[in-house]
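Each chain gets a letter, A, B, C and D, in the order it is written, and its residues are counted from 1.
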Amino acid sequence: FEVSTIKFLFKEIFKASLNLQNNHQKKEMLVSRKMQPQNTIVDINGEMIGDGSQRFIMGPCAVESYDQVKSVALAMKKQGLTLLRGGAFKPRTSPYDFQGLGERGLQILRKVGDEVGMSVISEIVSSNDVEMALPYVDVIQIGARNMQNFELLKTVGKVDKPVLLKRGLSATIEEFINAAEYIMANGNNQIILCERGIRTYEKATRNTLDISAVPILKKETHLPVIVDVTHSTGRKDLLLPTAKAALAIGADAVMAEVHPDPAVALSDSAQQMNIAEFNEFIEELKVLQKKLALV
Amino acid sequence: FEVSTIKFLFKEIFKASLNLQNNHQKKEMLVSRKMQPQNTIVDINGEMIGDGSQRFIMGPCAVESYDQVKSVALAMKKQGLTLLRGGAFKPRTSPYDFQGLGERGLQILRKVGDEVGMSVISEIVSSNDVEMALPYVDVIQIGARNMQNFELLKTVGKVDKPVLLKRGLSATIEEFINAAEYIMANGNNQIILCERGIRTYEKATRNTLDISAVPILKKETHLPVIVDVTHSTGRKDLLLPTAKAALAIGADAVMAEVHPDPAVALSDSAQQMNIAEFNEFIEELKVLQKKLALV
Amino acid sequence: FEVSTIKFLFKEIFKASLNLQNNHQKKEMLVSRKMQPQNTIVDINGEMIGDGSQRFIMGPCAVESYDQVKSVALAMKKQGLTLLRGGAFKPRTSPYDFQGLGERGLQILRKVGDEVGMSVISEIVSSNDVEMALPYVDVIQIGARNMQNFELLKTVGKVDKPVLLKRGLSATIEEFINAAEYIMANGNNQIILCERGIRTYEKATRNTLDISAVPILKKETHLPVIVDVTHSTGRKDLLLPTAKAALAIGADAVMAEVHPDPAVALSDSAQQMNIAEFNEFIEELKVLQKKLALV
Amino acid sequence: FEVSTIKFLFKEIFKASLNLQNNHQKKEMLVSRKMQPQNTIVDINGEMIGDGSQRFIMGPCAVESYDQVKSVALAMKKQGLTLLRGGAFKPRTSPYDFQGLGERGLQILRKVGDEVGMSVISEIVSSNDVEMALPYVDVIQIGARNMQNFELLKTVGKVDKPVLLKRGLSATIEEFINAAEYIMANGNNQIILCERGIRTYEKATRNTLDISAVPILKKETHLPVIVDVTHSTGRKDLLLPTAKAALAIGADAVMAEVHPDPAVALSDSAQQMNIAEFNEFIEELKVLQKKLALV
């Protein structure tokens, strides 16, 4: 062997021991499947996420009014759904776009949730709002743009409410898992991971649904994994097929947006289903669920 | 109205008329669903692709020997499969990597195909090889790296054999459809489109399976659409879940790689199933197919 | 004309009028060059950014100790530089990585800045820390992961200190400009935009330096634009060539990381220059600046 | 140590020896700087590429007529340029777009080249056309879509003409270098590498100019590296600034498109300069070259 070869070999052995340590660290992550082999099941007022059943989380993109939310909630209730999601704080690209109703929006969600008997899921964008939001929401959503807002992650890691964590716009799966670790390292293990599409060169869809993230996340972590088909595709005609793929690949829930009158929605009007489309969507997926459940 | 506004409006009207023409052109593409509302069904010696049933196309990454191909083919036959795929011409990043057995590889495929009673699918990388390959193959595959090798597309457009066209490494869906149009415009309408993952920033998988490409391609064109789960993921542990997603979303076939002894494979050793894994893979998917077929 | 053509034309005219409105909105953005034709010049204690001269912003990735910062500051001073940048709050992928010294880090930066006569630039990651940080820093940096942390943008929009806003990991230029608009819409027009590489499939560099973002941002906005060559490339051997490209294309400043002993740095050890490399870097760039300034 | 640790360590040592072999292979690539420390200089009828001077390669996107090419060539000649590039075979996304004049286009280029005294560079898209093209062209261009058309690479590797190899639409730098190796392994070492932008999520430019590819390619290989600013940006307003960056970072030539009347061009009309713009472009870059050359 030449001297340079020997040097190189030692460098590689050094690298290898570093990798060994990294792997140990990975193994020691609280969210890791190696740390906890059995699934974490998140209990949202009795509706379980991660127990093998597959749920639906639906609602309008943004809370606009009591009537709007109520009509969606009633339609959901008729279909037997109980997980109502709506945005009160909307992170928008432009400061001049509708930014959501804020606390007023949360109040509407809570009121409707109580009247109709549904659990409320809503995004919080600032650690200062977490305390305020607790009485209104049953699950705190952390949006894609805040997946690495570590201050916010730490704050929701300290509360006693489930957290629905969305994957960042172009976060790697490793970064996504580490973001969840920020929450769990602060004490909160009620975490739901949400694949919502990643940013790629392809423009036929709003984002590219990374469907293989579902089995990877379920293998690497013990957390439930859901799929947001609305933001993944940004196209109403793709909601049903991608939801079918999500169910078949083992997602713990499918999330999508419904609006009583999408044409006048204050945000994402092109990609929300109306009530009739929602009913058709749920009914087709129930048929699929029934088939998949057969022995 | 200001003068600039009027100017702008006229510019937009001009753009609009351009778009109108583009849309006409799109409508007039031979592969377009608007041009032919009913599905194209590709008949491979009696095995139909695109008729609503969902097929399996399997085989080794590269043809290495008669014994290797034969043992895969026999395993496939036992499972009732008839579509054998293997690489004789291997486009490899480095000129020093194994480039395939060439015509000798095609001969092996044909011999095994005839002995076992299977159809042969193999990639051709040069328009000069198309004529030579015709007696050996039942389907000509065009690989991802050649999706915009327009000379090759034109050549296979003139032969009377089905073409399996893979999406380019980072081709848009629009470019993919146009590549198929090159084939059909030259007279060959027996085209199978194959989603095989796209290049993104995510490195947990070899490529990112763009599962929503399946419903988009089926909506935009009348051609059958299949999913190559091996190249999409590059990971054996993801073949089964992504194949399930592909079946659920309506792919006309699933393609994957099998090798009698992946550890010594001359290419892609990490991502090929062995025979036992292949059997398990097919059996699980058959169960899913049965469930999906129930009324 | 067919009826469908007429319908299409009207739809396009409608779209055109929408575009017209969008364009108006764009024109009316406060950061837009259309709104303010002359360059915004940010004055950092007498050192101007955006006046046509080209500055250097340097310092360690993370503040680790008084001695570490002092030795970098003294080296910078010798080269005539006055803009000292160091991280006290470090947003890290893993919760178990070094998170920075926090307020103690800011104190060190301020103390060194005052002793050596330099201005201090440091990242703030939470709107709750902005008030606390004001006495310590001369420029507030908003990091890539917080580019769409709109709460933080609004908060720094209300203070009377320049803001150095880094482009998000995979933010579009349009999103980047809108993020700056969040700051300016809240009253603060002292904004410096920083291109720092975008996330792509290419792994030869940590990120891909999007050098054409510089002329685009200078055309679309009136704000100064700088280039962070360290995070764009993640490679010490590329700092000098990319810095030359940045100066030639008209960046208002070049930002890079220096550490007295990179091998033991608590973060980004591979990509920081040591003092000798820093001196060579600055001297080569000064030669280039001299050449570019010649008539 | 646990057994698993020992196993892991041995696995890593095994990996390390594999890496060692890979590195050897890399070192042994013919295009590698390790194999040949001094620069390859490509001589195009006396105009050197790679000798430290920085050249301009200009011409229309597509050859449309003798008059069109002649007027561009005369304008170039006036500026002292001798490297005329024009497309006779145009790989186009749609089969219905203008595909170039073919051999007739090469004849026009040759005729004009001979009359005006210029060297001719033109893309060849099929290995069958290489022989035919040799009398007409001084440099064979391999386009982005054919960077991994290995049959074509092997063919041009066997001829005695310089090859201008463009980076693939989303090729990694490693794949790009390996594509050049295909040419050199077949005997032709007169290779010019061309960065032309890569495909990313950003849509403000047609592609994203990966400017750091220039120093990386020059470090890894001994081949000259040029930058095509037209296809990198797809915007006329970015040609000059990106060309400046290319010169500053050490590119051996800048390539751009000129058309006597871009508005009526049969391809890429939006991004080609007219003659007046071309003159301004060259004159500004000559000023920069003069400055950069000063001691």
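Quick note on the criterion: a contact is a pair of C-beta atoms (placed from the backbone, for glycine too) under 8 Å apart; a residue touches a chain by one contact, two chains touch by 3 or more.
Please read all numbers here as calculations on a predicted model, not as lab measurements.
J.: If I average the CA coordinates per chain, which chain comes out farthest from chain A?
T.: D
J.: Compare the contact pairs of A-D with each of B-C, C-D or B-D and report the one sharing over half of them by residue number.
T.: B-C
J.: Higher C-beta contact count, A-B or A-C?
T.: Most contacts of the two pairs: A-B.
J.: List the centre-to-centre spacing of chain A and chain C in whole Å, with centres computed as mean CA coordinates.
T.: 31
J.: Measure off the straight-line distance from the CA centroid of chain B to the CA centroid of chain C, and report it in whole Å.
T.: Using C-alpha averages as centres, the distance is 44 Å.
J.: Find every residue in chain A that makes contact with two or more other chains and list them.
T.: Residues 170, 174, 199-201, 203.
J.: Quick check: in the complex, which residue numbers of chain D touch chain B?
T.: Contact set of chain D toward chain B: 25, 91-96, 125-128, 145-146, 148-151, 168-170, 174-175, 178, 181-182, 185, 199.
J.: Enumerate the contact residues on chain A facing chain B in the complex.
T.: So the residues of chain A in touch with chain B come to 170, 172-174, 198, 200-205, 208-216, 219, 232-233, 237-238, 241-242, 244-250, 288, 291-292, 294.
J.: Touching residues of chain D toward chain A in the complex: what are they?
T.: Within the complex, chain D contacts chain A at residues 5, 8-9, 12-13, 15-17, 19-20, 23, 170, 199-201, 203.
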